[in-house]
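Chain naming follows the written order as A, B, C and D, and within any one chain the residues start at number 1.
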Amino acid sequence: MAEFLQLLFAGLTVGAVYALVALGFTLIFQASEVVNFAQGEFVMLGGMVTVFAFKAGVPLPLAALLAVLVAVAVGLSLHRFAIEPAKGATVVTLIIVTIGASIFIRGIAQIVFDKQFHALPAFSGDEPLRLLGAAILPQSLWVLGGAALVVVGLRLFMERTLFGAAVRATAANRLAAELVGIDTRRVLAFAFGVSAAIGALGGILVTPVTLTSYAVGTLLALKGFAAAMLGGIGNPVGAVLGGVLLGLLESFAAGWISSTYKDAVAFVVILLVLFALPQGLLGRRAIERV
Amino acid sequence: MTPATRSKIALLGTLAVLLLVVPLLFPSAFHLRVAALVWINAIAALGLALLMGLAGQVSLGHAGFLAIGAYATALGPRHLGLDPLLSMLAGVFAAGILAFLVGRPILRLKGHYLAVATLGLGILVHLVVVSEVAITGGPDGIQVPRLVLFGWRVVGPEIWYAITGVVLLLATWIALNLEDSSTGRALRALHDSEIAAAVAGIDVARHKLLVFVVAAVYAALAGGLLALLNRFVTPDVASFLRSIELVTMVVIGGMGSIAGAIVGAALLTVLPQLLTFFHDYEHAVLGLAIVLFMVFLRQGIVPGLAGLFARGRRA
Amino acid sequence: MSRLRGEGLSIAFGGVRALDGVSFSANAGEVLAIIGPNGAGKTTLFNIVSGLYRAQAGRVFLDGRDVTGLPPHALAALGLARTFQNLQIFFRMSVLENVMVGRHLKERRRLFAELLGLPSVLRENRESRRRALALLAFVGLADRAEDPAQSLPYGALKRLEIARALASEPKVLMLDEPAAGCNPVETEEIDRLVLALARAGIAVVLVEHDMKLVMRISDRVLVLDRGRVLAEGRPQEVRADPRVIEAYLGRHGLQTAHAA
Amino acid sequence: MNRRRLATGVASAILLCAALPLSAAEPIKIGSFLSVTGPASFLGDPEKRTLELYVQKINAAGGVLGRKLELVIYDDGGDPSAARTFATRLVESDKVVAVVGGTTTATSMAAIPVFEEAQIPFISLAGGIEIVEPVKPFTFKTPHTDKMACEKIFTDIKKRGLAKVGLISSTAGFGASMRTQCLKVAPAHGIEIVADERYAPGDTDTTPQLNKIKASGAQAIVNADFGQGPAIVTRNVRQLGLDLPLYQSHGVASKSFIDLAGPAAEGVRLPAAAMLVAEQLPDHDPQKKVVLEYKQTYESTQRQPVSTFGGHAYDGLMLLVQAIQRAGSTDGVKIRDALRATKGFIGTGGVVNMSATDHMGLDLSAFRMLEIRGGDWKLLY
């Protein structure tokens, strides 16, 4: 039981971060069909900016806010200077644009910051909580709670606000949205901004547990992408589900099967799921009309 | 002569001239090595261009096949006492078989789902070569014995430049032949509309599988050559970043363009050597260059420049 | 003799019965028109017959052979060809190449010969080109052969699809709204093509909204309404059938139809 | 227009990187290829800073043999194939007289044949024992080997009267290679490896692996990795309340580990070079002066904690400079002979005594056993 709980919490914490990255993928994908491989860099920026601001004497909450603002600025610039000018290019071309952008962001980060690893103090101390024999870090609860808040908040925003409705309309049918007067360019810019903020938030929450460096973005983008696809791309609930599942898969595979091949177990499961459900767990089934 | 035949002869001719001229302009061993790497990367990119450009199927795990070719070339001599060349051919064959076995379920997936499935495939290969230290040497890599052909030790940058160049020329010729054949037309057709292709009598699943196998074989061949050239293989050949690099070569050169794959491979292989000039800013500049190329030549370099050229002539 | 026959074909999408026990048959050298209001199930019927959808009940016979559930390419190999209501053109290819793709089944494909570009493959390519060019001439597109397909106007693309379908030398040709969006001159062109094909012994099945065209060229008419066969018979009979007129035009259109 | 600009740009860039003819009385060119970016940038970065810093200092002091040093550094990003290309470039285009570099074992191994063939001395900064075993005529290395680290750790564990060890290592180069060495030497030291767990580079949680170690009945935990991994493992060990002695490797070679691991680092032991405890060294220790000087120079100019990785680069550069001076020549074979004759060189890694059969020249005494106490290193012996 203790072991199960331990693995569960390990998986949930890592999975929450994957979920936030996957959510970022999903938001941008919904608004534009672009798979943004620079998504992981937002997580990196969230962590690194907070660390450096904090070390420079800025109080932690302010440093975190600054990090979110920096990430949003980068996200909006990414849209304005790379995605927008490439409008109308094929999906694969846009993916390469985002990959180029992520190399660029990383390249700048390694100069502005440094190549060392960095930590942040845990928000509520390092003393683990004991639960039925399992040890849980308070910061894990921050990560889980933060991720849950983001998911709920985003959902409310999408359903309760006019702009949220515009985003949903654009996701459902871009052309129709434009016809009813929605500025889809602004919607897309917004999607980049919010994705960046979500990513940065994830980075801030998780840095006390996982540490950060200029290079953490690549791996997160890869895992987040896999999680988004497992859940079914374009579906926010699917993204969260995919992220959490991926985290749990890795954790339980490492604990029960083989720590060497835990990533292999995760990907084999993803492959099997896709063979059975080619649209992911919650993806829309497309009927081709001819 | 059909337009296809004309462009076929033009490209092969240009490539042949290039192969002869480069050593005259840049005779140093360093330049010849970079050129040989360009040829090798171009072979892998060619296969991917057939898969992505011709048939419209994405692979984000193509480095996995590169690694199978490379590791076979290293492992055959080490564990089975095989000749390196024979091992390499076995590796190419094995990559083809693997592609054939996993291709059918994977290629049922479309778009981004196909991308993530191939990504997973690449990662599985990478994990195996990283983890099975006793067999593959793990992250520290494994030596490849020197190639000996009929008692002749194949050594020296000029020789490898020539070998890889000739293989590329053959690979290009074969790719062009495929493009301009019934199968090639079928692949291009299913890229645009799988439904119309099927109704025209094309077995879509079979053709996707076929081009997947061809692309895997090209990649494994490139991997084997890389192993023989470097005489050393590490799991980096199988890494996700290597897969991304291959895709970038194809896209930046121009999807659907055989010449584009070669240009893209040349660009992404030579660029890092040129960018050392920028020292710490190398990566920032590389990323920026990729973004700019894609924004201003969104169809890729070869089709993009061809378009500009055609427009310029008309104006 | 019946080339193509459907028996009791049914399919439902999410609880909505799109087709409900539809039977029909098309004979060699005959033009069968399938008409009906929007949502009657015409295109669905085409999609089932050509193997894109799988019927939940019923059977399809081609030349008397049960071909139910065969994939599209297998049906094509047995002599079935079709065009699409929403064009399915290979836009990345030239006009000529589009038609050459239609020759796929007639080409001898040996991969290794193709990879090595052997003379036999070059011969095969030349033969396909020649035949494709002839078909383009037949549909009046010979002068656009080397142009990119995306440069053709809509009406020409319709004819390009017909040429591509014909390239497989089919026994049954299914045309989904061949005249939709075409001007009168182009419609007349299609008119001429369809009759020529039927005369050549092909069983032509077409879905069409242009009633004048239907009345002019079809030998028999099948009327669908809400997934069921409403009427079947010679054009004149069907035109006079009050049920058809009502379904098609509403009560209101009754007089209009009689006036025509 | 666009096209022409692109073409001229590419052409001029190619000319830039083409070899320029050398004239006489030129500076002495020393080459380096390092993993300044990529997964091993944690190592490569301080190495690069150190080389640049000290070449500058040497030149300010008048250079070597009356000539200035010129340093050519390339970043291989951790990719062995790129490393080999840059090795070729150093030899063929830059015409360097010797090379100090090779951050990882893989990049070093990929480059070695190039230097051997060109008869250019190469001092590797990577840990893998295969770099110098078997001995290759022109290849040397400065860091201690993984095998030595395992032996040092196992000796200490044995001394505590323990025998069952849970091994946890990264699947990346450093961890994988040390894992192999530890598994190999364990039986000879009477150590039983009861758990052999691994994690991937970039993994952010190792509690599942540690849980298995907990269940295996291990009496001590040994972690083989560098960078972020050891900090996470250390934190996870404390988080799980595992009350077992925890050993880190010499990959944890900088004060930043203590910052990253926080209070969890208390009581962690590790074998390390003298540099980490420069101030604590007894005054009679021959290394004291050298390591203190390096440490102060590095930390005052780079504004980051010193690491033993940078120290390896320092040792490599100094070994080379002294060898060139002794050889009185920049001839590859003569430098090699001089390097091989190195005796009693005092570096940050230890006292180096090379020979024709030992191209590393360090023994176990070069490793100190440290324990983290009160947020700082404590020299045990």
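Observations
What we mean here is this: a contact is a pair of C-beta atoms (placed from the backbone, for glycine too) under 8 Å apart; a residue touches a chain by one contact, two chains touch by 3 or more.
What you see is a predicted model; the values in this text were computed from it and never measured.
Centroid distances built from C-alpha atoms place D farthest away from subunit C. More C-beta pairs touch across one of A-B and B-D than the other; that pair is A-B. Annotation: 48 Å between the Cα-based centres of subunit A and subunit C. Measuring from the averaged C-alpha position of subunit A to that of subunit B gives a distance of 31 Å.
In this assembly, the C-alpha centroid of subunit B lies 34 Å from the C-alpha centroid of subunit D. Subunit B and subunit C have Cα centroids separated by 41 Å. Each of residues 52, 84, 88 in subunit C touches at least two other chains.
The multi-chain contact residues of subunit D, meaning those touching 2 or more other chains, are 37, 171, 198. Counting partners per residue, subunit B has 131, 195, 282-283 as the residues that reach two or more other chains. Residue ranges of subunit B in contact with subunit C, taken from their complex: 2-3, 173-174, 176-178, 180-186, 188-189, 191-193, 195-204, 210, 256.
Residues 50-52, 71-73, 76-77, 81-82, 84, 88-93, 97, 100-105, 107, 109, 111, 114-117, 121, 124-125, 128-129, 146, 164-165, 167-168 of subunit C touch subunit B in their complex. Contact residues of subunit D toward subunit B in the complex are 2-3, 10, 13-14, 16-19, 37, 74-75, 78-82, 84-85, 88-89, 91-93, 104-106, 109-110, 113, 128, 130, 171-173, 176-177, 179-180, 198. Subunit D makes touch with subunit A in their complex at residues 36-39, 41-42, 44-45, 171, 197-200, 202, 204-205, 207-209, 211-212, 215, 227-228, 231-232, 235, 238-241, 256, 259-260, 262-264, 304.
Within the complex formed with subunit B, the subunit A residues making contact are 35, 82, 85-86, 88-94, 96-97, 99-108, 110-111, 218, 222, 225-226, 229-230, 233, 260-261, 263-264, 267-268, 270-271, 274-275, 278-280, 288, 290.
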